[in-house]
Structure formats: structure tokens, C-alpha cells
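Chains: A, B, C and D, in written order; residue numbering restarts at 1 for each.
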Amino acid sequence: MTRILLKNKLDDCIVTWRNAGYSVLAPVKRNEMGSFSEVQKASDMSLDLILPERTIKDRFFPQTEPMIRYKISKQQIDTETMTPPDTKSVCFGVRPCDAAGLEIDDPLFGWDYKDQYWFKRRNNSVIVTITCTASDDFCMCTSVKLSPESTKGSDVMLRPLSNGNGWQVETITERGKALFDSVSVHLSDEKAETAALAQVPVRFNVEQVMEWLANPTSFESQFWKDIALRCIGCGSCTFLCPTCHCFDIQDEGDTYNGIRRKNWDSCSFANFTMHTSGHNPRNTQSTRWRQRIMHKFNYYRGKFGVNSCSGCGRCTRQCPVDMGITETLQAISNLPR
Amino acid sequence: MSEPFEPKIVAFVCTYCTYAGADLAGTSRLKYATNVRIVRLPCTGRISPLFILKALQKGADAVLVSGCHPGDCHFTAGNYHARRRWTVFRALLSFTGIPEERIRFSWISAAEGAKFAELINSITEDTRKLGPFTQYQELQTIIETQSTY
Amino acid sequence: MAKIGVFVCHCGENIASMVDTGNLVRSLSDHPGVEVCNEYKYFCSDPGQETVKRAIREHNLTGVVVAACSPRMHEQTFRKACAEAGLNPYMLELANIREQCSWVHSNKEQATGKAIEITRSLVEKVKRNNELKPISVPVTRRALVIGGGIAGIQAALDIASAGREVVLVEREPSIGGHMSQLSETFPTLDCSQCILTPRMVEAIQHPNIRVLTYSEVEEVVGYIGNFTVKVRNKARYVDIDKCTGCGDCIQKCPQKKIPSEFECGLGNRSAIYTPFAQAVPNKPVIDRNRCTYFKNGKCKICQKTCQIEHCIDFDMQDTYEEIEVGAIVVATGFQIQDTSVYGEYGYGKYKDVITGLQFERLASASGPTAGKILRPSDGKEPETVVFIQCAGSRDPSKGVKYCSKICCMYTAKHAMLYAHKHHHGNSQIFYMDIRAAGKGYDEFTRRAIEEDGAGYVRGRVSKVFQENGKLIVRGVDTLLGKPVEVAADMVVLATAMVPQPDAKEFAKRIGIGYDEYGFFNEAHLKLRPVETATAGIYLCGACQSPKDIPDTVAQASASAAKVLGLFSREQLEREPVVAAVTESTCAGCWGCVMACPYNAIEKQDIKDRNGKVIKQVASVNPGLCQGCGTCVTFCRSNSIDLAGFTEKQIFAEVMAL
Amino acid sequence: MGIQEQYRSEAASLLSSGEVKLVIGFGAGSTADRRRPLFARTGEEANRFVLDASCIANLSTYLLTEGLLSDGKKVGIFLKPDGIRSINILIAEAQLKPDQVVILGYAIENGQLTALEGRSVADFNGVNEKIRSLALPPAVQQDIERLEAMSPVERFQFWQDQFSKCIKCYACRQACPMCYCRRCIVDVNQPQWVNTSSHTLGNFEWNIVRAFHLAGRCAACGACDRACPVNIPLRLINARMGREVREAFDYFAGESTDQKPVLASFSKDDPETFIL
């Protein structure tokens, strides 16, 4: 027997969760951009998006995060650590690739030093994922060994019903179970057919890619120069990526007060590796693109045992010059060997 | 009763004309509102739009930019260049919704102490009527809370 | 770490009465980076400066802020003090809490708050000041004097006599200016021509003076010590090097009825003419607008008369020359106001209503009447002459607001000259006040009244009209409180002195300031009266304000002294407020090159180790840069910055407000 | 022969004759409606060029790729009139040498492609009227008018909503041919004129400064707008600036290669009605 959440009961669930102190986040398309935003009711949500432009990662690792408030006085500099509020949240309607991205990043934020910002939010959040019944030309989860129904990173998995009236609820973690137990009165117990999953083709052979990347001769291959010719060095692929996690620390303020902030940074930027001396070890776009691919499919794996890509395809979908991981990895798998 | 609103006005002026004009207002003992803070630059040509943005960030309710009359620039042409920049920058600010009344431009010569005093009084009065530039100042408060989910 | 000293000056009561200096000191003492903060009655005094110097030494200060008067007053004083104490003089800022705070506010609490903010903001600026060194530039030790009246002549002679070259430019065909038109001069009654012409001759003969008459300054570029001046030598149609000044051409010219400018229309001249008999150079010029040949294409009688080949040349064109000079003295003089605004006085309507300057010509031995004071209408001797003072001056509604300064004196002189020439004549002077401050001046007016019978009537004239061949002057005697009417034969208006009609345009062209009327602005009315705000350009004479001859001459010598002071050095130290380019980030778009008003930015090749040019970047020539900063604002990548007003400094200043 | 075939063969002969070392054009993209920049170095590669109504990107950005033109050799490039405008501006700003560019010009009108006559920069320096007549798309024009009809408070709110989306990925800057600075003002952190954080204040500052820096330099190609991954209507603000310089100074960026930058020049008669 499976539990069903009917769409017309979603508002009741939201009320219950909100009353229990959760803020409910869901994909919202507003001002021509989809992102995870707080919602009051089901109709605020844009659940039919294949993927919102922005990932759920933004809610755990925001583009700009205040860390320390400081006050400069003659005698000393007073500092006050700023931490996220204790709000619990339900992240509703996350896609499997975005949810997986969170789990991919967990070891990074916790391997030597536990990033309190990331983990505080992770511990306070429940990820309610909806499987994908539609995909587009850019989706590539299956190529990175995930799928439209992979549960990685999810606390709850919802499967859309074929009649479109609701979702079948599958709780994965204790946290997810508790969340849905709290709304059990709004769930129905019935047998229902779930909609067919999206058919996402496998676009490249990731094993071949990893093998080629691991080969020391590949690093200096002409391949990188050719493939990256048209990269213009913006950071949109990295900033829209559910797993990219680089940041920079900046102080912003006036003479007396200020805030130290953690801001997203991107390996695509020429300044990312610029030394004070003026020397830049990654001084061309091809070396920067190589770094991005290497990091995702070689270095990260070496350190944490997992590739740093969950196959959402945003890098290609939003690229101003139609580049992206897919094309590069396809080209690598097609290299003569 | 709340205290009357005292606007904060930042003035960017050239040293040869408007700064000297402000000095003349002083030597003439003309009285004007205390709300203005003057930043002295060599020439209006040196006044960057970035200064105006930073003054707004620092909570200015109005900004005054002032220099020598056309043709009178100590550096012969700094104010002509400045005038073009202002035309463009003003249109830009207006288009992004920053009210034109918040950013004022004037020519005040070294001999126009009275004009300086009168202008400061009228900008202060006008800005008092407009009220604090909360729209922009709120951006400053948002940055503390933004992204703290 | 910054160690800033803040010194709060009371300026006696000037600051302390409106700014709570104790509070200011407490606030600033608590400001980050402020090592020492003191207050004192007068920091500009010797003990005050000593306090600053001692603090610099004892606390190893890295910067100083003096919260006092305007930097335009005492920046140099305190820079010197810093330097004497071993601190780079550019590590100083003045917080202007007097002119821009205490003097303009009346609420002590608010004024104090403002003073605190002003001072803090400059502390933040000074923390980011850089040590700078003055820039040395060579000085071209040649002066340009613009205007060949008594002011210009005197300045030129003083500079030339000290051994420096002078170029004297006069736009009229002769030097001499207004003084050459005068009859006798107060308060000694010596003949104007008699004392002026020797100076004119000395000027033209002086080996160090080059006189360019009938020439105008078109453009001035450059800066103190290094100006390039473009002069237009107007076509005179007479080659003054060939001309002997015989005057035959003038005699034969068929156009004889042209009102003479020099005679103020009371006499005539020909189309080829010298303005007056003692003109220097005494060489004629052809008035193109009046010449028969230029009008009709036929005549050339003068050329036929002239004994010297190619001396008169109708094809002559204006020529231009560029002159390098190190200093400029502006002595462009004045004009008299157009009196036709006073319709009620009948000037222009009645021939016998004349201006003071016309009276000078009548009284002048070289004038149209050979010194006899005769009515222009009928040539008769006037029995009664009425002089109306302030005919334009001190009259905001129709004339000018200011006092023309010389009219009281010359009117007294006119009455005196009239009495000397017409012993039984009756002169009546309508006046507002008699302003006779000057050596021998009051005695002079007393003499006019007591010895020469000038009748002074205090009051304004409301109307002048003609009745029975007399000019009836109707006015009020305000002392008696009665209307007065005088039947006069001649009325003389003491017209206002006004700037040259093109004064404002001229000031813009050479880059100096002017006031609402068009008189040129001095750098400081009291303390720098002959300097302009533009370094290297000086003023003298009536172009600055109405002046009499003694004041003009004194000021001319003063400006010459300033020029000579400048010329006493071969090198000049200039403020190091100049721009500099960050080569590594310059994109070479050349916007700064195009925006620079001084052509001070050049393109510079950046080469690799093998000498191959890898890029071009902008490069500032600090000798040419004047420090306006227009380039800095243009530069999108912030690759150019201005010493003394760097991006960091201004940012810090704004962020502390 | 269609324009695509014509330009393929022309590009091929330019390459095989050695006149150019590279031709920058369009190739097939990752989906049927996408075109991606394609770099051909041989005549054979030139056969992969695609030219149709989907080729709307302004490729001139690539001419400034560091080192590309430093050998003095020529490069061929497919350009629409807005791209030619960009080239003219870049030449006026000394970023390009006219003799290093061979233009394969085309225009798209109502979905139809036409080839533009002329191959050298000089050929297009004389078509000012054609370039000047480039009208803003009606939709852009309408959006500007709609914004201008708003009260300042509403306009501010509009842009606040838009700029709050900005993530400072700088795709707008990177896509723009005019953003060639070696160091962008936003990367200057001493002093930090533009807050680099992508909070709304920092985003406001960045977008205002970006638009100001493009005033009188924008070719209205829309690359920034298309590049923006969060769909901020950037071209509105650029187009408004373009209109300002045109109305105030009769300046049309990119109509010739010897234009003086509008903000590095002036006329004594420039309007100044707003100055007290």
C-alpha cells in the first residue's frame, strides 16, 4: 500500500508544515526566472518546470552570505559571527539531479572543517523530490549514473500520478518520514498508477571520460584548446551548477562598520587564479575549462569518491555560446583511442 | 512628535569654483542649512558617477554635483566633459528609478557665494519634503538579511 | 599603522563660538588611527605651528589634519610646518570648519556635528595620502602683457627694465589707452599726454619690449611658466617697418568726415589715419570699413601718394604668430557705459549733453577745440555747465551697482579746468556723495569748491530738457529738500566705467575668472589682488575694477613684481597633483588621450624582453598634466589615478561621511 | 546558390588562399534551433558553416580573444549590421586594426537573409545610413516606453526585482564585445567602488556601472540580454542609453571607425537644461 498526496491537499500540508515552524520552499517562476522561493500556497509553485534556472543549492550555499559583522573602533575591531537563522525548511519539488547535488557537496563542506552554514541548513531541511516525467535536450542524469528517479540526496521521493492529480509518496529517510507523518491526515491510502518517467538518453560514456582524464598525457592535449575556443569565460555554468561550490571572501563596509561575506566565485573567471604578482597560472580560457572538467570528473572523485556532476544540464542549457559539459564529455568519449 | 527629518546631502565640488564659492559664502557670513557635506575635487572632470553611487550607499538623501560655469573651467574643459557624463548618468539613474530630484547639478562660480548658500537651502528644503531616500537605503539593509535563509 | 594628528583650531572665536571644539576633540580622539588630537586658539600662529611640529616629531605622525579654515587659506602654511617637522608636506589635509561650517551656521549643536563629520572624513582621506614631491618645470622667462594702456605700459617697462623680455599686445593701432585721451590729471593737474608719452616712447624703444599694436590674443594654452600664446596681427594695410610716418597719405585721403574714436566723436579723422598725433607707433592704419577702395574698389590715392614702394598694401592679410611666454599680465582696461540708457538726460538727443571723456577731449590742448571748452552744438563758450555725477554708477536699476571710483575726482577736476579757462563761468555739480579718499584728493575737491567756485548740489537730476536755447536741468537738492532747476549751456555726465564689451569672452579664452559685470577676478581680493586663480596670469588696471591712474600704475608695478618673482627661478615647483597610469590594466582605448585638455597623455609601447612591442598603453607626461582628473573619471577600468585625489582617498572620504 | 553556400565557399577560399588564418562563423548547435560559434582554419572546416535566420549572435567578441590578432594576420568573420557597428566602435577605440578583419556581412530581415556587399572594414565605414537606420525592435521600444511611463518608485521596484535576480556571473560582460577591459571596474577592490557581492545593492551598482560604461558604445546587438542566465532585460537599459546619446549629442555609436568616444569628447553647446 502506498500513500498518495493529492494536489488539492497540498495546501493543507503547507499549512501544517508552516504551523510546525517550517518554511516551505518550492520552484517559483517569477520575473522570468525560476528559483526556489518561499511559498504560502500550492498555487505559488511552478512544479511543471523541467528545472528552474536556479538550483536548490542556492538555499544552502547562497550566492552571497554574511559571515561576520565587524565594527571598527579606535581600540579594537569587534566582530560578531553571523549564522543562518534556525528556521527549518521543506524543500518541495526538487528534481533528483538537484537533490543529488546536495549530497555530492556534503563531503566537500565537511571533510576537514564542518561548514556551519551549509550543515546548519542541511540539518534543518527536508528535501522533497519529485521524479521527472519530462526532460529536455540538455538533461543528462543518466550519463552520470543517476536517473529521473534517483533518490540520492532526497528525504522523500514523490512520483507524479498518471492522472496528474497528485503524487505517490515514498519516504526515504527518517526525517522525510517524520515530515509526511505529520501530514498523514492529508494523505490518502490508495493504489494509483504513476506516470512514466522521462526517457533521458545516455549522452556519453562517463567511464571512458574518466579514464581519459586520468591519463597524464591528456592534461596537455590540444583537445582542450579546440573545445574551449568559444568559451567566453563567464561564470553562468558554474553559478547555475548544483554542485559547484567555489567562493571568495570579501569585506564590505564603510569606515566604521562592515560585513565579511562569502561570495560565489568561478573557475571560469580569469581573476580566479590571478596572483598578486600578476602571474596567472591558468591564463587562458582553455586551461580554465580544463580545470572545470578535471575537477568535476577527476580531482573531486579522487578526493571524495564521486563525480561532481549530477547531470542537470544547466551548463549547456544556459550557456550563451552553446557549450557545456555534455558536449565536452561527448567529444572526449569520441576521441580515437 | 517625531523629530523633523534632517536630510543628508553630499556635495562633490571642484576646488576652483564651487568650493571657492562656498568659502565666499563663509567669508560673507551667509547662513545656510548644516545638512551638506562637501567633498573637494580639483575639477568637475574628476567627479565620477561612482562617487554618487557610493554617497547614496552611505545614506545620502540627495547629492549635489557642482563646478565652474561652462567656459570658466580652470582646466579649460573639465566641466564640458563632466556635463556630458552627467547628462548620460542622470538619464541612467532616472531610468532605473532613482528620482531626478535626488541628484542635483549646478554651476557655481567662486563669486557666487550667495548662490551656493541659496542652493544648499533649497536642496535641503526640497529633500526634506521628499523625505529620506528609503528606497535606496533599504538596499543597504537588505544586504544584511539577504541570503540568510 | 596610521598615526594621525588632528589639530582643532579655534581661530579665536571664529570657529570656537559656533563649534564645540572640546566635543570635536573628544570625538576625533576616539577615531581609529588618531594618535593625538589637540585644540588651540590659533594654529596658524608660530606657537600653534610649533605644537603641530612637536606632535609630528614626538608621535611619529604619518598624517596631519588641521581642522581650521579653508585649505585655500592655510594649506601652504601647514604643509611647510609638516615639512619642517620631517613629514612629507602632502600628508596633510585641512578640514574646513570655518568658511564652510562655523561661519555659515547658527545652530551650535548641528555645526559641531558637521565639523566632526568633516574632520573624520579628512582623517580617513589623509590615511591614504601618499608622499609626493613637487614637480619641477622650466620657466620661459618672457612675459606677455595684454593691453597697451598705462597699466600695460607700466608693467611692461618694469619687467623689461629688470632684464626680462616682454611682448606687449595692443588691439588698437596705438598704445596709450584711455590715459592718452585725458587732458589734465588729478590731483596735480599735470598734462596727461606730457607724462604718458615718454612712457609710450620708452616702451616702444626698449630693447626688451616687443610692441605688437593692432594685434589681438586669440588663444592661450599651457600653464604657468609655459604658455603658448597665439596672437593675430590684424592687417593694417600699411607696412610699419617701411612707413616713415610722414602723414602724406592721411592728408590726401578723400574720406575725411569719419568721427574719430579718439576724439569721442567730437572730431573727425580720415580712412587712413593715426588715432592721434602722438600715437606710438606713429604709423597710419587703413580703416577697411571706411576706405573708399575697400568699399568701391577704386581710389588707392594713399598708395599713389606714398613715396615708398609697397608700403601701402591693400592685399595685406591678418597674420598669426605663436609666442612662448612664462607669465601673462592682463591689462585690458575698461570702457565707459553707454549713456543712452538715461533718456531723461538727453544724451545723444542734445549735442551739448556730453560725457566726462568728451569733456576731457574738449579740455585737452591736443583736442578738437585745441583746449578751449566750447559747446559742440554751436562752438560757443558755455556760461553755465552742469556736471551730473553717478550717471550710471551706483544705480542698480539702470546703470551698475558699483562705484566707478574716479568720477568724483574727475568731475571736480572738470569744474576746476572749466573755471581756469572761463573765469566767469558757473559750474554746478549734482552729486550723491563726494568720495575723495586718496593722497591729495580731498584737498583737491576742496580747492575746486573753495578756490574755483564749483557749486555742489547734493541730489539727483530727474530730467534735462531744452528750453529757449538752454538745457534745463531739473533735480532735487536733498540737503535743502527743494527742487532745483539750472539753466545750463552744457551738461557733462560722469558715466560709469564698465568692463570691455568682450571681457567675459576674452576671460574664457585665456582661462581666468570674472565677476558678474565682467571685471576679472583676482585670486584674493585683499591678499592676492594682482594674481588670478590661474597660476601665471596676473591682473592690473581697470580690467580688474574701476581704478584711477595712481592705483593702476601701482598695481601694474605689483604685477610686474609678481612676474619677476616667478622669473627669478629657472625651474618652477609645481603641485604634484598629476595623473599616472597603471600599465598592467590599461586597455589602450585612448579615451583619456582624447579627453585630456592638455594633450598630456601619450601612447607608450610596452615591449617584451626581446624588444618586441606587445601592447600600447597610455602614459602621462607629468610636466604637461595639470591635474584636473578628467582622464581618471573617463577610464572604465580605473587604470589611471590622480595623485592627491586618488580613488582610494575619495572613496575613504565618502565612506566616512 | 544560397547565401550559406556562397559564404562557405568564400570562407573556404579565403582560408585556402591564405588570406585569412581563421574564419569565425556559425555551426550547428546542440539542438535544432541553436547555432554555436564555429572557428574554421581550413577550407574543409569552412564547409561546416551554417548561416540562417538563427545566426543572431554578435561574433565580434571573439576578435578580442587575447593573442588572436597579435600576429598581424587576418581573420574573417560573419557579422550582421550590429556586429559591424561593434567592429567600428572597437576600431575607434583602438582595439582592432581595420586591415586585420574581413567581413562576411549578412542581414536578417523578416527571417530572410541577405548578403551585405563589401568585405573590408572600409566598405562598411561608408554605410552609415544603413547602420543608423537600425531600429530598435518594437518590443524593446515598447518596454522602454512602458518603463518610462511608470513613476520613479515603480521603476525602481521593477529594476530591484530584476537586479535582485543577478548572480554576478558576468555573462553580460563576457558576451559584450565592448567589455574588453583587462581588468573590469568590478574587480577593482582597492577601493571597492562596486560591491562585488551579488546582493541587490551590489547588483544595482554593477548593472548601473555596466550600463554607464556602455553609454554611447553599445551596438544594441543584445548579446548581454541573451547571455543573462537569469533573464534580466539588460538591453532595455542599454537601448535607453543609446537613445540618450543620440538625442542629447546626436551620437550614434559605431557608424564610423573614426568616431570620438562620446564621453571623451564634448561640444560647447551640449544641452544642460538640468544644471542649476
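As a convention for this text, a contact is a pair of C-beta atoms (placed from the backbone, for glycine too) under 8 Å apart; a residue touches a chain by one contact, two chains touch by 3 or more.
Predicted model, so just to flag it, every value in this text is computed and none were measured.
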item: Chain occupying the middle, per Cα centroid; value: B
item: Centroid comparison with chain D (C-alpha atoms), farthest chain; value: C
item: Chain pair showing more contacts of the two, A-D and A-C; value: A-D
item: Centre-to-centre distance between chain C and chain B (centres being mean Cα positions), rounded to whole Å; value: 32
item: Centroid spacing, where centroids are CA-atom means, of chain A and chain B in whole angstrom; value: 45
item: Centre distance in Å when chain A and chain C are each reduced to the mean of their C-alpha atoms; value: 72
item: For chain A, residues that touch 2 or more chains besides their own; value: 63-64, 252, 254
item: For chain C, residues that touch 2 or more chains besides their own; value: 584, 595, 634, 651-652, 655
item: Residue numbers of chain D (touch at least two other chains); value: 185, 192-193, 195, 197, 199, 202, 263-265
item: Touching residues (chain side chain C, partner chain D) in the complex; value: 584-592, 594-595, 614, 616, 634, 636-639, 647-648, 651-652
item: Chain C contact footprint on chain B (complex, rising order); value: 8, 10, 15-17, 19-20, 22-23, 25-27, 29-32, 34, 37-43, 45-48, 51, 54-55, 58, 60, 71-78, 81-82, 85, 109-111, 117
item: Of all residues in chain C, those that touch chain B in their complex; value: 70-72, 96, 98-101, 103-107, 110-111, 113-114, 117-118, 121, 507-508, 511, 513, 515-516, 521, 533-534, 577, 595, 597-598, 626-630, 632-634, 642, 644-645, 650-651, 653-655, 657
item: Of all residues in chain D, those that touch chain A in their complex; value: 29-31, 34-39, 57, 61-62, 66, 161-162, 165, 167-175, 187, 189, 192, 195-199, 202, 223, 226-227, 229-231, 233
item: Contact footprint of chain B on chain D as seen in their complex; value: 147-148, 150, 152-160, 185, 193-195, 197, 199-202, 204-205, 207-209, 211-212, 215-216, 237, 240-241, 244-245, 248-249, 262-268, 270-272, 274-276
